[in-house]
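One structure is given below, encoded as structure tokens.
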Amino acid sequence: MHHASARHKAAARTGIWFVGARGSVASTATVGLAAIADGQAPPTGCVTAREPFASAGLPAFADLVVGGHDISSVTMTKRAECLVETGMIGPRLFAATHDALERADAEVRPGYDPHTDGPRTESQQAVAERLAADITSFQERHDLARVVVIDLSSTEPPVVPSPEHDDVDALLAALADPARAVLPASSVSAYAAILAGAAYAAFTPSAGMGLPALTRLAGERGIPVAGQDGKTGQTWLRTVLAPAFAARGLKVLSWAGTNLLGGGDGATLADPDAVRSKLASKNRGLTALTGSDTTPLHIDNVPDLGDTKVAWDHVHVEGFLGSRLTLQTTWSAHDSMLAAPLVLDLARLLALAHAAGISGPVPELGFFFKDPWGSDVHDAADQARAVEEWVRGTAAQVGR
Amino acid sequence: MHHASARHKAAARTGIWFVGARGSVASTATVGLAAIADGQAPPTGCVTAREPFASAGLPAFADLVVGGHDISSVTMTKRAECLVETGMIGPRLFAATHDALERADAEVRPGYDPHTDGPRTESQQAVAERLAADITSFQERHDLARVVVIDLSSTEPPVVPSPEHDDVDALLAALADPARAVLPASSVSAYAAILAGAAYAAFTPSAGMGLPALTRLAGERGIPVAGQDGKTGQTWLRTVLAPAFAARGLKVLSWAGTNLLGGGDGATLADPDAVRSKLASKNRGLTALTGSDTTPLHIDNVPDLGDTKVAWDHVHVEGFLGSRLTLQTTWSAHDSMLAAPLVLDLARLLALAHAAGISGPVPELGFFFKDPWGSDVHDAADQARAVEEWVRGTAAQVGR
Amino acid sequence: MHHASARHKAAARTGIWFVGARGSVASTATVGLAAIADGQAPPTGCVTAREPFASAGLPAFADLVVGGHDISSVTMTKRAECLVETGMIGPRLFAATHDALERADAEVRPGYDPHTDGPRTESQQAVAERLAADITSFQERHDLARVVVIDLSSTEPPVVPSPEHDDVDALLAALADPARAVLPASSVSAYAAILAGAAYAAFTPSAGMGLPALTRLAGERGIPVAGQDGKTGQTWLRTVLAPAFAARGLKVLSWAGTNLLGGGDGATLADPDAVRSKLASKNRGLTALTGSDTTPLHIDNVPDLGDTKVAWDHVHVEGFLGSRLTLQTTWSAHDSMLAAPLVLDLARLLALAHAAGISGPVPELGFFFKDPWGSDVHDAADQARAVEEWVRGTAAQVGR
Amino acid sequence: MHHASARHKAAARTGIWFVGARGSVASTATVGLAAIADGQAPPTGCVTAREPFASAGLPAFADLVVGGHDISSVTMTKRAECLVETGMIGPRLFAATHDALERADAEVRPGYDPHTDGPRTESQQAVAERLAADITSFQERHDLARVVVIDLSSTEPPVVPSPEHDDVDALLAALADPARAVLPASSVSAYAAILAGAAYAAFTPSAGMGLPALTRLAGERGIPVAGQDGKTGQTWLRTVLAPAFAARGLKVLSWAGTNLLGGGDGATLADPDAVRSKLASKNRGLTALTGSDTTPLHIDNVPDLGDTKVAWDHVHVEGFLGSRLTLQTTWSAHDSMLAAPLVLDLARLLALAHAAGISGPVPELGFFFKDPWGSDVHDAADQARAVEEWVRGTAAQVGR
């Protein structure tokens, strides 16, 4: 490929559009992006910083520009300041990235809040068009080759099923009806990404682009999408360990877990409705990998832990001649510090997918997700190999 | 391959010759083999019980016959009885395998004890010939297609280096000299395996076949060998986890560990000399995988734990923007129950290697070892893939 | 006291009447009592085996005789046999105590099962009289100075409040009405103890003697009672640790816990109703001792763990200058092995209370309970001191 | 006592003289003292902030003045700044206490460094007099009722025994000899405290005042002394838990532990000589409390942990009928944040002892130490009670 326009090169100025831009993960990603782009911090924790990703012609960190939607009026800068208070972000780093936070926050536009927006002067179609216009205008203003929308908004309760979720035409009709609110907010944002022609990643367990009608539409309109629910800590660890037991011929009898966390996510998940989405998504991989369904799992809101997530797992395993072994793991990490680099990875990788003209779910990005779209593979080592092969192949196809 | 004699088929009656046959691992493996062969226990914990191994034409469990060397007069039956007392082996299982233990113990011959044998009416050459004759006679008596020698004897202190260890001719000369004891006991046993034309696996960290002159000789004499030091518990876990951190771009700062164990191995390792072999071998993979050399590691003899090994690891990791995360693991298992099925796996796989005419170190068997011969790969997932590919390829070559 | 009849001496033949006699704890206590009485096992885990209890003139282990009520037809012997299968009780111990189990099981009479008994040919008064007659007949048959009833039956859901529970006369009237079932089963058994003049201990969190009208009646009729809910594992540990933090001026911010258990109790507590009684009772002491109400707690039924209970606690503490420290504890024990010796202790100590003519709740026995009757003290060290002082004082008063 | 001069009142301006004033613990104590005295931080972690200490007439925090000896030229301010970098001290707190640190550091005088001082123009007597003069001058300059010397200097290797250590006269003679260095540095400092008439506490396991001749001399010269080796974290936890097991009649079989730490103390304890003092002192209480001598213990220098100490303990316990239970604890804390408030407590309590005219070891202060002088009590709950009774009694005697 001797000459590629920016449209066909991944390594071009790229927008990241966060839904939930003023949340903990998005603010941390923005701080980190600024620090890495400036050479003030190494890209530790970013998968795409190592080979074969590093030489795959992905957009440089310095070529990523941040904007987004949120329904909160607390700015990214203020949010980052709170994270300084809790000790998660160092004061120097905050000072050094203050201006970048201000610049990014200036690109934040009001999101769609189903609790306050309407009832119902506006159709959801109109809402989505407004959201899409925000994205398009951002893209033009910054002269971006493409935009990747990443959903980082608060986890929603499980969606109430509706026949329109499975049928593109019925969905489009319902969206046009100002009297109806057929989609949860996350899915309105996903639809807006389609309208804006933006690539899309669902880092949350909310419905988002995961509704069949939207997934199909994304495929038809040439949008690469990836999801769902970032696999960052305890679940990642489980998908590392469970296949390893299987490779040894050892039989998992039960896998019990507890998560303690505070922060914004802790407060959201204190809501028994929201936590149901999360628990379902966390356990899917484990059951697939072990065959055991004795997998009790709890998420407790422990405000004094702030953004630290502590997770304990107890694995009970049957070995040779009916003998038993146990493995306990205790994981302690700043949750947003785990998520943020993966979010930057997804932006870079979806930029490549977009440049390559891939549309619909990208199963090879399953590495990043608890509940991978388009794939049944949960084994973290298999997923790592798959995404490496994918980036090699796709980069070769696109040229650099 | 239209016609294969037993000599060229793996799936034939095969001998397992344990050096250290009356130890905990060997006795457990013998109990388990009898129970599996009889259909009284499933082969849980055996890697070769699952695909692609299961259909690779390995010798059936019922086609494996046990014998060995030991320097202890406590029989395998008695040893197994002690393991019943500690709760590791169930009383019913013991009763059901009692006769098989007696039969196997009847095949145990006196090993070479450097503390009591000599000084020096006999050369080590003569000793090795006696040991080899025990193996050959076992093979003939039971009409076995081949024998696999597996070193399960007590861990020796690190070997005192000697120029003969690197030079085949010098070694053979020294062996013939009754005044010298150029080899540690484990290496005399390894040499005996060569003389007997038996395949060989080193499940211990002792010198064994690992001395360069012996490895070379094994290659020349057409013996497949695999080693070294069974990777069964904490070390295995580390080689599962460390590559997973690397795949995430996370940087291990330190990896500290403690092992508590009782039993025969606990008592042996209470000797600071013997423990040095073990600690070196345990840490090699970790340093290779993480780049960190802050890897303090202890092995404590805690007699009241019996054969249970409890291992605690504390992993300190740097993530995004200099943030820190910790993972702690606590592993609790009957050590011999982890080792025994892998020992049976090795016997079956080396039978295949022998049938295929492979000689010298088999790097693809690195999955089973802390310190893999012929390979620098420590990543457990990579090793699992490698041994699966190897068995497919080798089975296809040999025919079934 | 120059001459004391058996009635006034604690050290006399004493009956233990288990409600739930065929359960795991009762069967284990019976095995243990037989083994200790015979000198086959030391009384490890019995508080009363050490000073000052040992020389307080309590009934000797050999002077304790077991009987009880249950609604299951699975005998104590059979139950103990199951505990042998799970590895909790050794096969030799079982063989050595087999006859004692048979003898004890011959003293088991049908309990009151509210699900099958009635509706309602019989009043609860009549039921209680039948149960009391079982106890009295047991006492006479074995020529016992006294009987101690210990409730070890399955945990009931929280009781539905009723005005009769607070008023002795109203309660007695309601009990006489065959159309009503004013008391839960555990309280019918407690009432039966009163009718039989037996001392009483509530090892479960069920209502039992804890209803105000029954507690009062016990006091009026001269019955010493102690409760409630045996403090054996995780909760005991918490009441050891929490006061120690307070003594150091350290402030507990949160105390999160998870319990995994199988066995009969695990299955019972899988019922969300039953578990509510237990969780309430487990958290009471903790909140009293720490002032923190961030104490999320879970009990999961993990059948593959059998009678082993594994409990993980995560304690988050504020120290000097706002610094934070964490303590994690992992506890793993056979639950019934913790409970059984304390049950024997309670029988011996309530025998002393009875001999001393103490009636109503004995607050000094709070050491044994999660929710101590007649006391607000939860600090395990304070409780240990209190019961030691009590036994010294009471023994001195009774004479030996 | 109707009228007490400042000399006989504890609640008077009091000096704290740190040996090792520029170390981590001393700098943290100084930051904290300033913050508490100013009302910027609550005295969390100080035992003396709660009753009965709070109303015992101890010197107020605002009446404590800091000075000390050190052999390092890195100031307290600089040291505190490093602790800010590691995240242990917050940047605001540092800013708010900056001036107090500067003031305290201005009171730091060169200590006695046996490696560079001499050889031997000066006798150790002369050195001690110089050190004592520093203390006296500090006391006068600040008009202090008394000074409490607290040894917080680096742990020394175990002392080489010498007959003079047991004999006051011989010791005094040897001290006067410029050719000899009969005392380790910590004991020279202790002797200086005696010369200055200052109360003294040994927070380290070094010899200090613990040599018999010095202890005797302190008694004769009317100096109250307390030691030895601050009981702050893992050891404290063990002396909470071990007596609790004993109270339950449970038998500890083994208690294995590992400590990971970085910081100055981590580096010091990487020296196998220094660590021997520490390990001995850590294990003494445990063996006394449990009777078990299977207590393997390790201290590893893990620089990346900074001042955080992580300690894992594995306790194996025998219960009823030979059953086994395990308790594991993982403790994670900033070591200096645990030590600093206890150091302030000791200053306040020794001021009271001094006011009360107590001389020699104060056994009731054993609560604070791993290796309590004048006492065999290690049980933390018993020690807490003892020190509370002592403060009540002594305060009553002194008047307030």
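Which chain is which? They are A, B, C and D, in the order written, and residues in each are numbered from 1.
To be clear about the criterion, contacts are C-beta pairs under 8 Å (C-beta built on N, C-alpha and C of every residue); 3 or more make two chains touch, one makes a residue touch a chain.
Keep in mind it's a predicted model, so treat the numbers as computed, not measured.
In terms of C-beta pairs in contact, the better-connected of the chain pairs A-B and A-D is A-B. Overlaying subunit C onto subunit D using CA atoms gives a rotation of 180 degrees, to the nearest 5.
Centroids of subunit A and subunit B (each the mean of its C-alpha atoms) stand 45 Å apart.
Rounded to whole angstrom, the centroid-to-centroid distance between subunit A and subunit D, based on C-alpha atoms, equals 51 Å.
Each of residues 318, 326, 328, 330 in subunit A touches at least two other chains. By the touch criterion stated above, subunit D contacts subunit C in their complex at residues 28, 31-32, 35, 41, 43-47, 49-50, 88-90, 93, 236-237, 240-241, 243-244, 246-251, 318-323, 325-334, 337-338, 340-341, 380-382, 384. The touching residues of subunit A, when paired with subunit C in their complex, are 253-254, 256, 258, 260, 294, 296, 298, 300-305, 310, 312, 314, 316, 318, 326, 328, 330.
Of all the residues in subunit A, the ones that touch subunit D in their complex are 87, 91, 330.
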